[in-house]
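Just below sit the structures, each encoded as structure tokens.
Two complexes come next, and they have one chain in common, chain A, joined by chain B in the first and chain C in the second.
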Partner chain A sequence: MSARRLGALLAAVLVVGGGVAIGLYVALFLEASPPPVQAAVIGRRVAALELQTVAEVGHGENSFWVSYYARTPGHKWVHSTILRVPAYSLVHVTVYQYDSATGLRNPLWGQPRGVVGGVMYVNGKPVKVLNPELASHTFAIPELGVSVPLPGVDEEAPNQCSNAPCTLAEAHNTITFTFRTRGPGKYRWQCFVPCAAGFIFGFGGPMQSIGYMDGELEVQSS
Partner chain B sequence: MSTGGEGGLKVPPELRRIAWLWLVLSVVATPLVVIFVGPLLPPGSASDAAHGQQQDNTVMVAIVVPIMIGLLLYFINALIMFRGKDEADALTDGPAIRGQTRVMVLWIATTFVIVLLLAAWGAYELFPGEEGAGGGLGSAPISVALPANASSALPVQVIGQQWTWTYRYPTFGGVETTELVLPVGQEVRFSVTSIDVIHSFWAVHLAVKADAVPGNANVAFVKPVREESSTVRCAELCGLWHGHMTSRLRVVSPAAFRAWIAHEREKWAPIQHYLPAYKPTYAPEPTYRAE
Partner chain C sequence: MSAAAIPAAGPVREPWWRGLGRFNVFTGIVLGIGGYLIGALVIGHVLSKGIPAQTETNQNDIEFVCGILLGIVGFLVGMGFLNYPIARLTGAAPTLREKEEKGIARYFTLCTDHKVVGIQYLWGVLFFFLVAGLNAMLIRTQLLYPTEHFWSADNYITLVGLHGTMMMMMTTSMVLGPFGNYFVPVMVGAKRMAFPRIEALSFWLLPVAGVVLLAAVGAKGFPTGWTGYANLSVQAKLGMDCYLISFALIGISMALVGFNMLVTVYTMRAPGMTWTRLPIFVWSVIATAFLQLLAAPVLIAGMSLVLLDRVVGTTFFMPFSGGSPFLYENLFWFFGHPEVYILALPGFGLVLEILPVFSRKPLWGYRLAVAGLMGVALLSFFVWQHHLFVSGINPDLRPFFMFTTELISIPTALVFLNAMGTLFRGKIRFSVPMLFALALFFNFFIGGASGVFLSDAPSDVSTHGSFFVMAHFHYTIMGGLVFAFFGGLFYWFPKMFGVHLNEKLGKLQFWLFFIFFNLTFFPLFAVGMLGQPRRVSAYSPSLQWLNDWVTAAAYMIGLSFAVFVVNVVYSCFFERRRPEANPWHSKGIEWQLPTPIPVDNFERVPVINASPYEYGTPEAPLVANLNPSHAEVVAAGG
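Now for the complex of A and B:
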């Protein structure tokens, strides 16, 4: 084989190989998704979700990113924001909130809405409006009209969590509320607080990433 | 086509037939399209601006119809007349047409006039005039760009944020809502802004599209003329959930609007005193907290 032909063959192999590598990277990137976490079914058309918010994951690729975690029915905390719930059901949500307050960019979200009774419970006490300055995150499903502000823990509180998943022994607020699902489908959910520390105006990184402060509610036929 | 050399253009009989067919089809099809397709063209006629845009689209379609008919007829003719009998014919190009100054002048002049007319028409229609063109006019619109009844328009602030829209009604206590509801027949003055990145407020059926820029109040006028429900979208790529950044828009009777706004004021009363005083741009203090 002449040197010219060998060069052409080598170039062709490099081009094809490069194309395959790029295609694989894109495919894997698009396929990458946190594992879905099923809500615990606790009655006919009633389910329960347990979530926690942490100031930073504490390990892995984005260790300093703020994030949500979800708990499986087997009581294992999973780094995921893909939540599976039954359709046309009541979903009782418990959020263990370990992050401190950032404050809402739009104070409107300080009022819980789209939840049963228009009320959330913070450490067992009913709350109909939260001072927007005290919000650390929100759990919001805009298409369902659900938005719940999550009050941050005191920055001076002892025993702050720095490595997720956090435990109940660490400083936290417990927020509970109930919302109603509609028909089957995927509904996005998100945080409305610009809580991405280290990013311009708090809007980058985890605020733009599924698995951190954005997720999907997969509503399935029961 | 027979070129006829430098002496003149000899139009072959098939082209004469095409020309006559084109004329007849255009005369028949253009009014039919204007009458039957025009009312179906976007963005509809739910507002004065939408009606104006629909008329513009109808005019452009009316211009395009004869052009399309001409192209299709010549295309079909070419397929039939110039079809190769064998492989050698199929690979042979026809003779070049040269020296037809009249044809070239006619062709260039026709396209020039069409483009010039469309440019003039577009420039005229883009000017807001009394009905408004549906676009953002900037934060301080010049007086000649304002609609006739701008001073009595209902002010509504549109606030974009990743990834939802909210609306403030300064003449109703500054209540902020998650749904856009407007009274039919009432001129509305939108003041479009954002509290994070650049969005674009697109009330599709009302034919209003105005950029939402932080620190800026982009003014747009519209008068809804029909009661209906539709969707507001974001028309500026703005992040992860851009495609989901929608909200509901309802145009209702004035009585229904009054009832709705009263209900909203009651519903949002708990948070009301935490909202900042109304300003054309919405920049709650502190401006940014997570720097």
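Now for the complex of A and C:
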């Protein structure tokens, strides 16, 4: 084979190889996603989700970032916000809140909405509207009309959590509420409090990242 | 690569690995990586010390941007772009040409031969097109289902932005890059471009921009689509820096190309090449070059200001300290609208160049065509706010921009008129280049007519931000420019490569492309009217069958490009049909020259005797006298 042909062949291989490499690179980016966490099924068309919010992950790539965590039915805390729940069901949510208050931009969000009975329970007590200044994060699924403010813990409280996942021994608030799912599909959920410390207006980094303050509710037919 | 393959009498060739130590793309890559590391880990690290917004957020824009900028400098140094300026500063005599490599190696170096740059551009553009086209296939795959998706919404918007930005960046040089650089000097009878090194620089910025843009994927993506609106862009992740820098690089490249083309055409025309003998393609290049030179700097400014907001904490676009997001929208679209004509005009010029050849008639209304091209170029600076009708601008401005936008259809229509006049009673040959050229008018008509609904403020309110817009600009850019590009490629491929592309495969590609292009984008007007927004992967389940139809058709467009790739490989390496000297019987000067065109194009300065469109006039002289006597040169005003 002449040098010219060999060169042409080499160039062709390089171009195709480059194309494939770029394709893989983009595909891997698209596929990147935290692992899905299944809600525990506790009855016919009833499921339970356990979440926690932490002020700082405390370790790993984005150790300064604020984040949600989710718990598997096997009681293991996973750094993920991809939540799998059954369709047309009640979902009981328990959020362990370890972060301190940031405050709501819009006081209207101080009211739990889209939840059964229009009420949430903070450490066991029913709350129909939260003082906007006490809110730390919200749990909101816009497509289902769900928006629940999560009260922050007192900054003076002893035994603050510094490394996620946090344990019940550390200072926290426990918030519970129940919402109803609709048909199967992917529903975006997120926190609406600009809580990303250090970023402009608190809207950067974790606020834009699935696995932190952003997530997907994968509603599956049961 | 055996020694036996080298003819014994030929010069001794150096081993290929010697090239690694010289100034070429490999050296450039090595120095580029080195530059990135020094920029990010040393300079950026020092500069960002003590700034919590950079160091405590795991998003250190200072390090990242310093790395990229120094990486770009490193690459250009490695390519050898500083050699000549430094040599001149130290007293070397001026030369017009870099020491040029031979064979395939010269495509990987700073080469000052405009024909090499044209071919570099061609493969660069095609590679970009391939990558961005594959992204489009992925986008359509995601849209197969209304609520069930393959990828998350965040990643999807990055994918859309990557496709859009890459295509918009690449298409700015899709015609001017390969065909402008290769043929404009030849067509005006010059031996080179006015600024050969700047020409090389304008090309090499393109792959750099491509790599920087692709790096956005590794830097967590960017959420803005191709328009990069502030202040979303100011708050976005690291990938945004890649978008800003790469788009600014393309802006620099565009301004350089425009400048170079203008000076070349103004100062280097051969004797006898009067303004009315200039090929219409060259006129379209002039119109485009004006747009590039005047619009691209605004883009560079816009990108730089956002970069400053992100990196050093200025607030040009942040209202809380007096900045304004409108400023960005105005800067962007003051560039962005002329850009769409930077894409459209060379396409018009190219098809008007092709039509007379394949209908054997002079170009009808040559002066009208020039007026049309120039009119579009001029008006395109007065319409940009039609992109902002629903953004909250002063409503009193709307009628003015509505009026100017609708006015632009008049010079555009002139181009259509020229085409129809040229075709009228012509002896039409439906060869592949002609098919592509004719398809442009069909597609662009639909694109233009749908544009009326968008330029009309009342109807824009309901179509803005929907798939209607998306269908509209794909009809103009893909249906216009990309069709023109393939027409030009089939037309000039025999000249550029000495190989005739297979006609049957060409026709197969054309029909697949034409039919499925329309089957893809026409339904998207309906999809948009029914309310599906751009850039969002969730849509109403009632629109699923239309979306699935579009996705299937889009895959078929992909197939048509696969046919093109097969055609190039088959024609170049298997069939190897040597074309006749002038396979289309064109009067263009480029076809009077031997194939391949010699390094200096013309042995002597030619004298131009006629317009290149005098078809059907048997007594018309050859366009160029390649071997003129002294008296002829003087007579032509040389």
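Everything that follows uses one rule, which is that the second predicted complex is superposed on the first by the 198 of 222 C-alpha atoms of A that agree within 3 Å, B and C clash if a C-alpha of one lies under 4 Å from a C-alpha of the other, contacts with A are read in each partner's own complex, and residues count from 1 in each chain.
To be clear about the criterion, a residue touches a chain if its C-beta (ideal position, glycine included) is under 8 Å from a C-beta of that chain, and two chains touch if they have at least 3 such contacts.
Remember, predicted model here, so these are calculated numbers, not experimental data.
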Exercise. Looking at the overlay, does A:38 come into contact with chain B only (first), chain C only (second), both, or neither?
Worked result: neither
Exercise. Now for A:111: first (chain B), second (chain C), both, or neither, which partner does it touch?
Worked result: first
Exercise. Which of the two partners, first being chain B and second being chain C, lies in contact with A:131: first, second, both, or neither?
Worked result: first
For this session: Could you look at A:81 and tell me whether it touches chain B, chain C, both or neither (first, second, both, neither)?
Result: neither
Exercise. After superposition on the shared chain, which partner residues are touched by A:192: those of chain B (first), chain C (second), both, or neither?
Worked result: first
For this session: Applying the touch criterion given at the start, work out whether A:64 contacts chain B, chain C, both or neither, answering first, second, both or neither.
Result: second
Exercise. Counting only touches as set out at the top, which of chain B and chain C does A:100 meet: first, second, both, neither?
Worked result: neither
Exercise. Which partner does A:6 contact after superposing on A: first (chain B), second (chain C), both, neither?
Worked result: second
Problem set entry | chain B versus chain C as contact partner of A:214, first or second or both or neither | both
Problem set entry | On chain A, the residue positions that both chain B and chain C contact, one per complex | 188, 196-197, 199-201, 203, 208-210, 214
For this session: Report the residues of chain C in contact with chain A in the complex, numbered from low to high.
Result: 1, 5-6, 52-53, 56-59, 103-104, 123, 127, 130-131, 134-135, 138, 146-156, 158-159, 162, 214, 217-218, 220-221, 223, 234-237, 318, 538, 569, 572-573
Problem set entry | Contact footprint of chain A on chain B as seen in their complex | 159, 161-164, 166, 176, 178, 195-197, 239-241, 244, 268, 270-271, 274-276, 282, 284, 286, 288-291
Exercise. For chain A, which residues count as touching chain B in their complex?
Worked result: 102-108, 110-111, 113, 128-129, 131-132, 142-143, 145, 188, 190, 192-197, 199-203, 207-210, 214
Problem set entry | Of all residues in chain A, those that touch chain C in their complex | 2-8, 11-12, 15, 18-19, 22-23, 25-27, 29-33, 61-65, 184-186, 188, 196-201, 203-205, 208-210, 214, 216
